[in-house]
Structure formats: C-alpha cells, structure tokens
C-alpha cells in the first residue's frame, strides 16, 4: 500500500496537479510516526511511510496548509474524512486546494499496548498473519495483533470514506460499533461512582494540551483557554481547573462537531479516556435529537445550532438513569 | 377476549340481581370476561370525603388492589360502588397522607398507591366494546321507544374523580340508548339527585325528589326510564308516585342482544 | 367561636372556605334546600365564622343528599358538601350521638329496599 | 482608574423597611473603585436624580450603580440623568433591591446582606461597562392593525388622520366586529349601528386605509420600525374588485340553510352571503362548506346571475407581503362556549340564550326584525331571567378567573330595554355583585331598578329545567331572603364570560409579545404603559388586552394610535446598542453564529489580515449588522472561539457578576 | 444524607429579561417570599447563558444554578430558548455524567405573569440544594469561602 501511495503521489506532483503532499514520516523510533508534508519525489521516496502505526489524523493540518498557496494532496483514512468534511462545513479548509486520496483505514497499533506486555527496546514491528513479529534490542518477540490494536480502532465506527477525489483500495461501510458501551456502563453507575471515576481520571491531567492540539475540531484562531478576555483563560496546570472545568468546556465546545476520531485519547500521555466525554454528548444527541454523525456531510445543521419545537426538556436528564 | 376484575357489590347479590345477571350475560356475549375476586366486601355505598376517615375506605382499596394484582382493569355496574371506588382511587393516588394511613391499616404485601383503571360498565361498553360494535350485535332493537336516561348524582359527580362524562352534558347513556335502537329523551332532571340516600331518613324528601325526576322525564315524553343504580331504581319506583316504568340499563341491553329470555330460564 | 372545632372541620373536610365569593349557587342548586334549616352557603359561611356548634345541633346535617351538585357547580371550587360532611362527622363522632342506631333499622325496612340504603345510612349517620 | 458612584434608594419605606440602606451604602463604599456611596429617600425623584448628576460632575464618575427598584422600572430614568450630566448612559447599572430583595424578604439582616451582594455584583459589572452609542434605524411609515372591530377601526382612523398609511387585517368578510352585532349601547342607549357604521364607511373611504377583509396574518418578521408581515387573503370565491354588493347572488343562491353566524345562528343565510346590510367591504363571500358548486360542482347559479362577473370558483388563497413600522393588535374577544354549564340548559332549550344572542333577537336587523320573540315558538316572553357571571370569576377549569366587566352593564341595558318596550314582561336579574364603576353607570343600573322595576336578586341560579309546555323552571337562591326560588320563566339569558379571540395566542407567538395566563396580551406596564406591549413597536387596542366596554375600547384604540403615530413620525429610531459584535482576530468564520441568529443579522466577509511575518492572509470572518441585531446573545454561546460577545452583557461582565455573587 | 440546618447555599439564577426577570419582579410586587439565597443575574435571553457561566459559578463556590427563560414558543427573540433548551439539556447531562448532583442544576420556564411560579420554583430549588449540602464536587478549592 505504501508503495502505491508513493507512486500516486509522485505522479500527481509530476503532472502539477498538486504542489505538496501530506502524509506521515518516521521519527526516532519505528513506531514514532508523525504527519509530514512532502514537496518532492525524493522526499517521498526517502521518508514517506504508511504502516500499522500511521494512526494520526492529518485533516487538521489542512487548515493551515490550505491557507497557503498551491494545492495539496492529502491521504485520508475513512475516519479522517469525517473530520475533513466537518472542517469543510465550518469553512476552515478550502476544498479547492486539497486533492483527497482515500486510503484504507486501520486497525492501527498502539505501542503502549506492546510495551505493556513487557516488550521494550522495540526496533520494528511486522504483522505476519495477525501475529506481530517484534524485533527488539533484546531479540524477537511475538504477540497477537488484536491485543495491540488502538482503542479507537477497536470501536471503529466506519470504514466508509465520506469525502475523496480518488480511492486507493476498496471503500468500506459504516459499521455497527460498540463505541457507546463504556458510556453506558458509566451511566449505570451511581453518581458517586461516576464522580470518583472521573475525579480519578481527570486528576491525572497535567494540562499538556495535547488533546486540544490534536483535536480536528479545535482549530480556533485563538482558544478561549488562551484568551485572557474569555474569563476562563488558564494556560497551564495551576489548580484544580483541569479536574473541574477544562475538559467539560472543551467537550461542550466540540459537542455536535466532534466526529469521534478518538485522537484526544490516543495522544493523552496520561491515558485519560477523554473520548468518553465526547461520546457522551454524541450518545445524548443521538438519543434526544435523532441520529447525527458530525462530518458525515458538509451541509446538515449541527444539533446545537438547530432545534425543534417539541424538543425534550432538560428535566429528562434528571429523570432517567441512575442518580 | 378482554378480562376485567368485576366488583358486583352487595346490592347486586340480593335486591338488584337483575342488574347483575343481565350485565354478566351481556358481557359474555360481547366478548368481555368478568372475573369476580374471591373475597370482596361491601364498599360502604357512600364515599366519605372526610380526610380523617380511613376505615371506611379500606374495602374499596382492597378491591382496587385485587385488580392490580390480577393485572386487569376493575369494573363495576352499580353506580354507588362505581362512585365509591373511583373516588377512593382518585384520592389515594393524590393524597399521600391518606395513602400511607390506608396502607398502614391494610398491610398489603406491596402498598397500594393507585394505578388501577376503574370502569363503569357503561364506560366499558363505550370505550372497550364501542357503541358502534354494540349496535351491530343488537337483535331486538328498541326502535321508536322513547327512553329517558337517568344518571342521578353518583354516576357523574364529582366529575374530577369520576371522569366518566361531562357532568352537565352527559351523553353516555343516550348513546347507549341509540345503540340499542331507542330514542333518547333529554330532560333537565336527569343529572339531579333522586333523594335515594335519604329514603330511610326522610321519606317525604325522597318522594319529592324522585317525583321531580320522574315528572321531568315524563313531561319530556319518556316511555320508560333506565338507570344503573339499585337505590335510584327503588326510589324512583317506590317513592315517585309516577307510573312510568323504570329498568336497569342492563336489562334493556340483554333484551336488545336477545339474551333476556335465556338468562331467565 | 370554637377554634378547635373549626380547625377540625376544616382539616377533616379538606376545604378552603375562604375561597367562597358568596354567590349562593350551592344553595341555588341544592335539591334538599327546602328541608334544611341552614343551607349550603350558610354552612360555608358559618364554618368560616367558627359557628360550628349551631350547625352540629341542626337537623340540616342529615338532610344533605351527598349528591355533589354543589361541589361540581361551585364556581370557586369550595366544595360545600364536604363542609357539610365534616360537620356531620364532628357531630356523630361525639359519644352517644349516633343519629341512627342499628336497632332502629328493622322498622324502616321494606321488602324492596336495597342493602345500599342501609349501609349508606349507617355510614352517614352513625359511628 | 475607575471612579464609581453608588446610590442607594430608600423608596420611601418600600426598601428601607426591610433593607438597612445605610449599611448597604456603607458596605458598597468600600468596594474597589467606589469613590462615593450615598443613600437617599427617593432616588428617582427630581432631587434624587440631581444627587446623581452632581456626583457625576463633581466626582468625575466613570460609572454609576443605583440600588433601587427593578431596572425594568427606572433604568431609563437614571440613564437619562447620567447622560444629562455628561456620563455615557450605558455606564449606569441598577441593583434591583426592591422587587428582588426588600419586597420578598422579611428579615432585615438577611435582606440587607443580600442587597449588599446585589450591589457588589452591580459594582463588579459596572467596572467592565463600556460607553455605548446607539445606532439609528429607519422607520417604515406604515402601520398594520390586526382586527377590524371598533378598536381596530378607531386605531386605523386615528393613524390615517395623522397622515400615515394603515392596513386593517380582518379575518371575517367584513369589518365591524362585535359592536356591529350589538343593538343599543349603554349607558346612553344609542343605537350601536348608528355610531359604528359611519366609522366603517369612513375607514373604507379613507385614502390612507387599506382593508384586507377575510384575511389573516400568516407571518411576522423584523423589529420595531421595520416589520415584514405576510398576510393571507383567504379565497372568498368572489372578485372583490368586481363585486358591486348588489346582493342578487345571495337572493338566488339555492342553498339557504346555512346557520347565520352574524345572527349567532338564530336564523339562516345563503351559501353565498354578505354578512349584513352595512358590511364593509360590501362584497359577497362564498362559504365553501355549503356551496354546492364548490362541494360537488353542480349549481353555479350565483355565477349566472352576477352581471359583474365577480364569481370565481377557482379562486385560491393568496399571500401578500408588506413592510410596517408599527403593528397594533386589536383581536378582540368572544363569549365562552357554554357546554360545561348545562345546569343552565343552554344546550337543551332554545329559549336559554346568551346575552349576545339576545342582542340579535332584539335588533331591528336581527332574525325577528327587532321584536323580542322566543326562538322556540316565536311567542312573546313574559318572564325573563338573567343570570350573571356565567363562567366569570371562576376558580376552576371550566371558567375564567376574572370578572368580564361588561356584563353588569349590558344586562341592566337589556333589562331596561325589555321593560321599556314590553312593560308586561317581568325581568329578574340574579347577581353576585353588581359592578358599575364608570361615568353614569351606577345611575344607569339604578334606573333599571327604580324606574323600570327590574327585579334584582342577590343570589345565583343553580338549575334550569325546561318543560314541555315551553316554560322554564329556574331554581335559584335568594340570599337576602334566605330562600330557594323557583321562577316559571319564558326565557333565560346567560351573561357568558368573555375570552380573548382564539387567534390571539398564535399571533402573540408570531409577534413575540407576552400574554397572561388567560391569553390576554400583557401591556408593557400595567399603569404607565397600558397600550404598549413589552415588544417595541407592537401596540394593544381593545379587549385583546383585557375585558373592556366600548368607550374604554375606543379610548384605548385612540391611545394605541397615538403611540403608533409617535413611532411613525420619526424618520429613524434609536436602536438598542446592546448588540453582538465579533472580534475579527478570534473569529474562525465557522458559521455557527449565523445559524442561530433569528434576525439574519450576521453575514461573512473575507478580510485581509496582516500576519506577524508581514505577509497578509485572507480569512472569512463574521460581521454583525447592529441595526438588525436585537441583542439576544444566542450567537455568543454558539461561537466556539468566544469571538462573539454582546455589548452591555459581555462574557466578562456576566462572569464578574457571578464572581461577586459567589464570593 | 446529613443535612446541615445552618447551611445557607449560594444560588445563582440567570433570568431572561423579558419573561423570567419580569416574573421575578412580579413575585416581588405580589410580596411572595422566597429564600434570600437566590441572587438573580439579568440576561437578555436565556440563550445568552453560556455554559461557562454556570461552570464558573460552581467553580467560585455556588451551590446551585438555575436558569429561567420564557416558555418555549414565547421567546421574545422567537427562538432563543429553543437553543437554550438543547444546550442546557446536554450540559446538565454532562454534569450528571461526571457525577455532579442532579439537583444542583435546573432550568425552568417562567413567564412574566408567573410570579407565583417563580417564587415557588426558587423555594423548592433552594430546599433541594440545601438538602444536598455544599457543592464540593465542582468547587475550585482556591475559591472556597473562608
């Protein structure tokens, strides 16, 4: 697949269809993959990578990239296309300046899960028939592929590309996923248990802002948390703001806009399941206002900028579930 | 076949057997199953509205609870029982203090705090069977007969609790009369009290009231009066001094359905 | 004015007599008006004034048919019949004050009289 | 550095009795930035305002906090005072320590504490207030009057008199309303038609007035000075411009059994009809529920006899759109339905009628040509019983909790007219109270009793029993005699409660005006602004605001007209400066705000920004039209970046209040 | 739960200018009592209430927050309260999800004519919050009152 992508990228660069390419390159370690922009065939040949660790969603980068001159080729996995569409809808990406090539999605791997098996000094990871052959400084190890899958991929919502100019490989379908299971489990706890759960999680927050920086819905020119005029500015971990406010406000700001790409939890160095907050909103919206998938299209009205005259009253919140 | 818990009440066992018998045979013919609970007691005949009267409400709560346990609606045909049971249901589901006192007395396995749907037999005809369906089953229609419906007080009031029909503009018995082929006679005294409750206390008053009711019905051209209440029937027949015949509505129902003869055999 | 008695009647009746606007519709509609010494609107007014003993002594408390015409037709939702009942109960609950004794009943019976009449009479007039 | 003045009002004892005003002034004097803190007996009085003004001048105040009554009461007063002393009026904040403190609390210590906190919140807010200046928005010089009864006609005539164009929208085929159905008017007993029909004609002939009869308001958009209203002209199947009102079609129409609503269904009309002889416009209307041509395609008589060729069976509802500067609501009233009151046998006996039906029975143009006859057998009634307060003053679901106000007087009128015309008729009036406040009103009622010998009985009818001989047994109480009466009557007349027209509720929603729990429109202030709604540019005329008799209705109609004229006279109006504005540097251009704006006040522009590296970048950013924005603030919450804020109620101001309260 | 009789909760009420603030004024005009704990902040429309304000109030030590607006369909700005209804429903649901006591938050529609409803609502809400005791779950410790 990687070869096919490099080949197609080179063709498009060569015939002048695009000026740049956004994809991934390897960092210090084999599993340390970051999004990168390529401008020549040489760079592509040398650095471009697409493997089981290329999980990062590159759509957010297109906000900045499409503000520049020229056209960019973007390789988007199915889940990335939802974020891409949402950003088109919010006028954050100039569609004219992107050439989208849809590529197959995950499941992608989570290095933390490999390390959790006590496997350290990882040099390379190969998938051979759903068994991982892991070459390490200390010899070769193996483990089942399924045990190293990223959480976000384990509850994948869709293999369908909702936006593309061309596809490499086959298009998939929207999936029946179990992504709300954990939300439901929490809903069925008592208020005290829920509070204890979240206090335990959120108190780990070090306010590195990785969740915000990776989030494709967080593309504000100036974030409210950085803006002294907003009244809730708070740039770094200084008090219990992170435990009480930061994540609620962030989740609310992306409510109805979050595509559930799962990047927030993937990048959290403290492994806080932040995506559960977003999924709670998605679940509520689906249940109270009808099924809605942010990014599924570029025209529908977002649930929070819409209403019907017979919407439920907020008291439903207080009447259902467990107190 | 829909099943109801059927509460006949004490009078229907003795002096008002007709009301009961015809109700049962007709129900069966209409596809309604009436199941009498094992150990019902007299409802007391009059609802005590006083908030501090608990003992007088217990038997009604017991029967409401039997219906709840049987998971069926409750049905009565006697106007007085209907009145007592519906008022009890209304109060117990709204007045928490009363509910807790009643339950303290009764010591049911699970406290009763309302929830049983109570029907008068007429409501069952209207809402479950449907007067249109009833009309289709009539074999001996009362064509051309001018029949006056007598509601009295117990069937309609207090309207909030009984919620059976508009207390000033009732139509349920008139619709019944039309369903069995008769012509209803509307007269203003149909929803005024006949004085039945006072028949032992003050005969003169009972005579005056029942006379006024029957006089009004006859004045408007009625050939007969029908009622759902044994006490009204007694009082209108015995004390009004009128020659107008008075029947239970169930008797006309059974006759219209062609069941009267059979049930008397 | 007997304050305790008034409170007892108001509590037992569950009625707010202050809602009365003195229209007299209860007495206009009462089928037993002619038999009563004190009429429904007077019950409401006298209970408000606390003059309850007078009512308790009056035969009027046994003349109410409990037909609820006044209850349903009162424009203010005062429910006069409940006031009458509360006063009657206050009277019959007093020791030895049963208006009807079981021993009196046989004399009042006739062959057609439904049970209903007897049980209601006992319920209404005796404790 | 802020220099804030705090002024605590005693409001006589209204505030001072439960709030220690001196303690409040003392406490607030220590708040940061406060340089003067005073209390005074009546801050809204001339001398109270002078106190504020001189403090502004002498202390060079940059902000003012008034602790007083509700801002809904005197915010404007103090803003004006500040402006006259040279301080921007939007640097004034009110702490509501009367309606929301002294009047609801009894304990002086806790009420005083609360007043101090409310004062602190206002001080915290005023620190962040910025001077605001109002925009001007043009006024469309045309008014809309909704409802063509006497209220609407009077309002329209007065507005037209001032030289402004005015449109009347009336849902019936003719204007005239209830007054057209009334026979005589109290207390003068002059003929209603004689005083109303000239006004109807005047309205139809006035060059400034356009009458849209058989029409309804379908949609209202916009705001004061600039409403856009969609009017639905219902199909009447007759071309209004061609119909001459000759009436030939109504004579020839074979369908004659249609209940005549103008005569309260007491007689019949034809399927094509003109409601009454003096109708305006005098144009026929076809009733599609009865017209055989429209129902089955068979007939067409009216079309054949119409020499003007005005009949158009294919006519459709049409919509017109018009801009208005002011809207006057005059939707009027109706008697309530009496189904729930059949103890009076209204549904059982044709001789039990409502008072409005009696008007028609007595009217020369009514079903009996002005002779009072019983509907049942057309005989002369000799005993008539009037029942007052049917459905009025009720504390239940059946009736209305209010007094309908007009019944005592019209009943006295009816009683008197009957006794005048038919001296052999006995008239009884059962009343709870006789309410006759009004010029010459009580005298009028006394004449009914003293001169005309009408029997007024204090008591209420409890049961009406119609009898086969045509007599009606009326059972009632006579409270003064302490007896129950039975009257053998020939007719019973029920004074049914009146209620607002059913169209008023959806209209209120369209106009975003408030109604009370009875569906009467709520005035901006019950005493001081009785003909304005709380929504700017919407005025109230007649019984849509509360029960009223004709003189009151006309007075209010003229008052509403005066208010509307006051608005239309202006070339532009000052807009509320508390509107939204977007910080372009923070705006993402995401369109969230635009989607929640009910006024379409937000548009997007591509704007060039200079970047730190000296390049330029073009970005899509929101732009608010301050003349269109009404300042609800929906956009401020929809905005994820916080670029959108609301002047006068900014994020930081509200949070400062929150902080002050939670401290 | 232990109820501290002496606990006086801090309650912030956001009221829309056109209906609920006027309703609050009306309860004053009619001298209908409700607890002094309630402090009202006037906003033009309930849709002006940013969830941030609510969180800020809790952060700074409020024990209960209630929002009052015009009844749905009666909004002075036509549609503001419909947006409020969705936003606040979701916010309250999130707070519930995080284990914050349900009775600390409420939204009530109060018209300008409903002075009695306003007073009764505040009475009830204050009692409910009082029963919960002080807000500890959302409070920012640094902001705690001494």
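Worth pointing out:
Letters A, B, C, D and E name the chains as they come in the text, with residue numbers starting at 1 for each one.
Criterion: contacts are C-beta pairs under 8 Å (C-beta built on N, C-alpha and C of every residue); 3 or more make two chains touch, one makes a residue touch a chain.
What you see is a predicted model, and the numbers here were worked out from it, not measured in a lab.
Touching chain A and chain B together: D.
Removal of chain A in thought leaves the touching network of the remaining chains intact as one piece.
With centres set at the average Cα position, the gap from chain C to chain D is 46 Å. Between the CA-based centres of chain B and chain D the separation comes to 48 Å, rounded to the whole angstrom.
A separation of 24 Å divides the Cα centre of chain B from that of chain C. Separating the centre of chain A from that of chain C, both taken as means of CA atoms, is a distance of 76 Å.
The set of chain B residues touching two or more other chains comprises 168, 192. Among the residues of chain E, those in touch with two or more other chains are 51-52, 56, 73, 79, 83, 87. Chain D has residues 343, 463, 596, 638, 651, 655 in contact with two or more other chains. Interface note: chains touch in the pairs A-D, A-E, B-C, B-D, C-D, D-E.
Residue ranges of chain E in contact with chain A, taken from their complex: 51-52, 55-56, 58-59, 72-73, 79, 82-83, 85-103, 106-107, 137-142. Across the complex, chain B meets chain C through its residues 9-11, 14-16, 42, 44-46, 48-53, 56, 78, 80, 152-153, 156-159, 167-168, 192-193, 195-202, 205, 208-209, 212, 230-231, 234, 237-238.
Only residues 67, 90-92, 219-224, 227, 229-231, 253-254, 257, 301-302, 304-306 of chain A touch chain D when the two sit together in their complex.
Interface residues of chain A facing chain E in the complex, by the touch rule stated above, are 183, 186-187, 191-199, 224, 230-232, 239-241, 244-245, 248-249, 251-252, 255, 277, 280-281, 284-285, 288-289, 303-309, 311-318, 321, 323. Listing the residues of chain C that touch chain D in their complex gives 19, 21-30, 33-34, 39, 41-42, 69, 73-77.
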